Amino acid sequence: MTGNIIGERFVVVSFGESHGKCVGAVIDGCPAGLELSEADIQKELDLRKPGLSSVTSPRMEEDRVEILSGVFEGRTTGSPICMLVWNKDVDSEPYRMFVNRPRPGHADYVARMKYGGFADWRGSGRFSGRITASLVMAGAVAKKLLSKTLGVEIMAYTLEIGGVRAKNFTLEDVRNKRYSNEVRCPDEAAAYEMIKRINEVRDEGDSLGGIVECQVFGLPIGLGEPIFSALDSDLSRALFAIPAVKGVEFGAGFAVAKLLGSQNNDPYAIVDGKVVTLTNNAGGILGGISTGMPLIFRVAFKPPSSIAKKQTTVDLDSMKEVEISVKGRHDPTVVPRAVPVVEAVVAIVLADHAIRAGFIPPVLRC
Amino acid sequence: MTGNIIGERFVVVSFGESHGKCVGAVIDGCPAGLELSEADIQKELDLRKPGLSSVTSPRMEEDRVEILSGVFEGRTTGSPICMLVWNKDVDSEPYRMFVNRPRPGHADYVARMKYGGFADWRGSGRFSGRITASLVMAGAVAKKLLSKTLGVEIMAYTLEIGGVRAKNFTLEDVRNKRYSNEVRCPDEAAAYEMIKRINEVRDEGDSLGGIVECQVFGLPIGLGEPIFSALDSDLSRALFAIPAVKGVEFGAGFAVAKLLGSQNNDPYAIVDGKVVTLTNNAGGILGGISTGMPLIFRVAFKPPSSIAKKQTTVDLDSMKEVEISVKGRHDPTVVPRAVPVVEAVVAIVLADHAIRAGFIPPVLRC
Amino acid sequence: MTGNIIGERFVVVSFGESHGKCVGAVIDGCPAGLELSEADIQKELDLRKPGLSSVTSPRMEEDRVEILSGVFEGRTTGSPICMLVWNKDVDSEPYRMFVNRPRPGHADYVARMKYGGFADWRGSGRFSGRITASLVMAGAVAKKLLSKTLGVEIMAYTLEIGGVRAKNFTLEDVRNKRYSNEVRCPDEAAAYEMIKRINEVRDEGDSLGGIVECQVFGLPIGLGEPIFSALDSDLSRALFAIPAVKGVEFGAGFAVAKLLGSQNNDPYAIVDGKVVTLTNNAGGILGGISTGMPLIFRVAFKPPSSIAKKQTTVDLDSMKEVEISVKGRHDPTVVPRAVPVVEAVVAIVLADHAIRAGFIPPVLRC
Amino acid sequence: MTGNIIGERFVVVSFGESHGKCVGAVIDGCPAGLELSEADIQKELDLRKPGLSSVTSPRMEEDRVEILSGVFEGRTTGSPICMLVWNKDVDSEPYRMFVNRPRPGHADYVARMKYGGFADWRGSGRFSGRITASLVMAGAVAKKLLSKTLGVEIMAYTLEIGGVRAKNFTLEDVRNKRYSNEVRCPDEAAAYEMIKRINEVRDEGDSLGGIVECQVFGLPIGLGEPIFSALDSDLSRALFAIPAVKGVEFGAGFAVAKLLGSQNNDPYAIVDGKVVTLTNNAGGILGGISTGMPLIFRVAFKPPSSIAKKQTTVDLDSMKEVEISVKGRHDPTVVPRAVPVVEAVVAIVLADHAIRAGFIPPVLRC
């Protein structure tokens, strides 16, 4: 299979470019009978769109989703669901220069080399963060499917931006507060500091990285097909498909390097007649299979590469080093807008695995 | 596709159980004409096998590879290559109790639940580290293919064990010293400390986690198929297929959360007439595509779950909590033995992508 | 992978319904650098559309293709190509009754059973011949790719309709005359008889089956991946995806049952310094691999099931047998309109295999 | 995916060569809990093996299956099932000459060209009918799975050999008599004529083609994923993977070309409270989906290409035309031995689709 397609039984195809006609997705394999409207998808898209706050790009993307196929009388039919948003408010001209003067940290140069100069460079083409709209659309369907059939709840949120880390928050804060501030952080004091830091750095023409954490509740035991479609394998594959991701860790993550086995192992216990673990260093996955405990993992996002600050690059015509300053409406950090994107790709992978493992049937008879 | 199969054009199928007849792999899609002998594979397998040092399990696995198909007159034919090692020196009895009293941190419980009690529990069955022998066999072929056609060099090594981190080492140390000590660490002073720490912890009936770092040289620009088969996506998928992996990061990795864009972006420059970057925070991947710079990434391994120290688990018959102490020949840390396994899965993914991108032809005419 | 997706390296995704908003296709994996315009696709679509002749449905489908992504400055970019035609001139109401009174020979009943009553029944939904527009759009790209890179020529034509078989025609007739008559038959006398037969049968409220033959010139030796992706395997898979196909045969086809080996074997010879076969009973495929001789195969199409003549079916509400007469604008035979569809799916499969075998590179540097 | 792998959820990998060490298969995705022994597989293999009758090759293939993985305590575990037969009684020397003097009608020449001269030519390597042993092994598992879970019964038999066609037989004859004669034909009079014809033709150093028909009972409504994984698409793909197949037709097959819609449409009726069709020209498939009626289809096999009679070929060294006579232990017709192979590949496809459609769960709780 080719690179713009993911999944085995709940398959997502992404298409479109940043400044082309549209960005869209096709889902093949969504069970028939799921209630689905454009509003279900719009709700998620609205969480991703820029221009909403002081900490994101002022680019106005209306991003009205249109469902082109696969839904009839308010329900999925079992046929491919094609959805898209039409592109508007584009200004491609500033990007022309990056073809010959590639932005450090962006995909300009590799895109040119891989596609022989034929890649669409307008708005970074396929290498734009805007492509994540296709993930969010498909993820919205996956989320609804998981929620309606299994009661799965997926919650991502900002854990860290520019060195400021959320520390004091409860699961209830995650549930109720993560979308109550511009940085999608459940710790409001940290959120305040993050916003301050973002504003400082943007004024300097610079940008910030950060970490998104995600928790998933309600998964049954048994999702994942070791060894190569282990649940963590497939989740990480999807997470690294999000632009700017540089690291993924589950449960205790990299901290396991400093733990003893006796500290890291999660002891089993019986609570309310059910087998559970008392800690969750495993992050909800053992042997590549969901344990029935909550999934928990973190995703590191690099600072956006498009910054106003001067940087060194090369002019590919003259083969000389030159300075570049990227003007325009760029996000000073992608972390808040990445929150719904993380939820989306996680939903896509989990929906696929829930179908594969027989937890969701081909037809929802409800 | 199902979970024991990976790849699109260089496809690897893993089969076998820890205490069944054998552990093996089939490769479908290896180009014809590659010189290949059992010695090529044995060399890599020998790096994985236990019993070689004070820091690994004393289980003696002879692990003589046998090529069953796909090689004729010393060269690959283009047909599927089946390879296996026969299992010997097995003692399954100690594992019987884990069916009802699952080891904390191991896959016993999820395996039982997912496969309805039919999973082979002997030696942990498919959830044994022994399954990595299939990865190493397939990886040996991929490595040779990459080396012969593109000159690709893949070098993994221990970066950290039990909180002891390698700090002082050069690329030459990586190349020459990583296999000169029992922990496969290029920093010999750190290696000494790691070994000391392992011995301490083993005596306490406990185990240690750690980090493997890997660098890859010689990759052309253009491997990777964004967005879902981005090179980092597919590498991470394969890395998380290795038992005990809890985190994967590329280049600056999780540290990007604390970097400014101006710090993290790798400036372009021209060196010897070639476009390069002066730093490599990207880890050799931008936009999901290899940049031509070295790949660099890190993989976190948890401490082995099978420890002699007493832990709490549940008895699934009586549904009561009980104590368990895992006796037997278990590794106090998997990190040193994971080093060749990391190289193997990386080779498998890179070979697949090199073929997909047209860098390796279907027939090697040499 | 799911059922609306085909191919490994040149992947086609079909979406849309007969009376939904649109019918479309996404191609992922088309090499970058191919000159491509909507006119290239429109040309093929126009050959498929109804309403053009006395022997097809009078339904007017304007079928203007719109390319939504993957093409920039007149060339493919290497990104997914999404194309669609918007549906117009639909009259769904007549189809409502088939939900409860399934048409004999059509998919009404199985669609209802498989998709739990959620399938879109308007215009037969996904089970309409209209879905072949998605095949033709994708096939148009594949055809152009094959033609530009390898000079491949694909020619399908009507061999038989309603028992009238084309007998007297040369390869030049195929090339020049197949589109010169309404039934796309290279034998004009036979074409005349076919049209007469169609008109008779339509007047009786009945329909006719037939056979499409296809020849392909210019294929190199070596396409096909035995055993399961043998070239005939993958071609037949794609051909049976066309609605109404009931048989596929290559070369001598079913006639081999009556041949001796000495008659059926194609003797090798040297002509103009090249190894060729003097006959082509193999139809251009041996051992699942293209031989370098022309591909030749035949596809049997059943008579359209939607006929005005009275037939017996059941009413699924009352569970009683009832009579049905299908009114409306239905083709009396699909064979002439199937001709470009056969060419399209053949092109899709051949493009995929030509890329897989390394005959077409990921970037066309021309 | 590559060519030696088929299926989505019940995946079969074929490996091995005619005169290499072994021929084998791996199944990934077989549900856990199926009772399975080597005897279950041996039974099917024995039906395929040569040397049993006057009408097959006298080559003695003991073909004792060995299960290497995936079965524990008499049941499948959900892990990959690797099975193989070791090759014995091989005499490769006679095949050496075909490398330079390719047999007409065989794959010698294309194999050499596609694999650059590296293909294993001994016993025709991967292009030997012997490779079908891997299909039969995998098919035996699929058959048992389908039988135990859904009561599916798959019956193939010889319909025609060398122009002699079975005409007088009932379904009971198929069930009881197809394995009672050397040609696996349910019409004993026809069988007698077939055997006579085979013996005549063999004495002349020639060979015969024929047709295998197959009927499948007990399939539920709803298998198949239109459009590209339509049930007939996937069945035909698998059938053309069998060496020597030149045509596949379902139900009325090529005869539809001469039928009117009113003749070909199968009228619905209610029998015993169930919706059925009174005829079965559809062959049990409409719109690519199983209808609940019996599957019925036919497969044309060409006469074996290896014949003693003199034929013309070319010497690839001297590039001159030469005569060739293929000596050795070749089947005068493959039809009788193809009967269990057809059943096997059909079972593989049906098992895959039954799992995909949710009719067989991941774990058999019985």
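Quick notes on this one:
Labels A, B, C and D are assigned to the chains in the order they are written; within every chain, residues are numbered from 1.
Everything that follows uses one rule, which is that a residue touches a chain if its C-beta (ideal position, glycine included) is under 8 Å from a C-beta of that chain, and two chains touch if they have at least 3 such contacts.
A quick note: this is a predicted structure, and the numbers were derived from the prediction, not measured.
Taking the mean Cα position of each chain as its centre, B sits at the greatest distance from chain C. Counting C-beta pairs in contact across B-C and across B-D shows that the higher total falls to B-D. Between the CA-based centres of chain B and chain C the separation comes to 46 Å, rounded to the whole angstrom.
One inter-chain figure worth recording: chain A and chain B are separated by 26 Å, centre to centre, where each centre is the mean of the chain's CA atoms. Each chain gets one centre point, the mean of its Cα atoms, and the points for chain B and chain D are 39 Å apart.
Among the residues of chain A, those touching two or more other chains are numbered 1-5, 8-9, 14, 114, 126, 357, 362.
Residues 1, 8-9, 356-358, 361-362 of chain A touch chain D in their complex. Every residue of chain A that touches chain B in the complex is listed here, in rising order: 1-6, 8, 12, 14, 102-107, 109-111, 113-114, 126-127, 131, 160-163, 201, 206-211, 221-222, 224-230, 232-234, 236-241, 243, 245-254, 256-270, 273, 275, 277-278, 281-283, 286-292, 298, 300-307, 309, 311-314, 316, 319-321, 357. Interface of chain A with chain C (complex): residues 1-5, 8-9, 11, 13-17, 20-22, 24, 26, 28-29, 32-33, 68-70, 72, 75-82, 84, 114-116, 118-120, 122, 125-126, 362-365.
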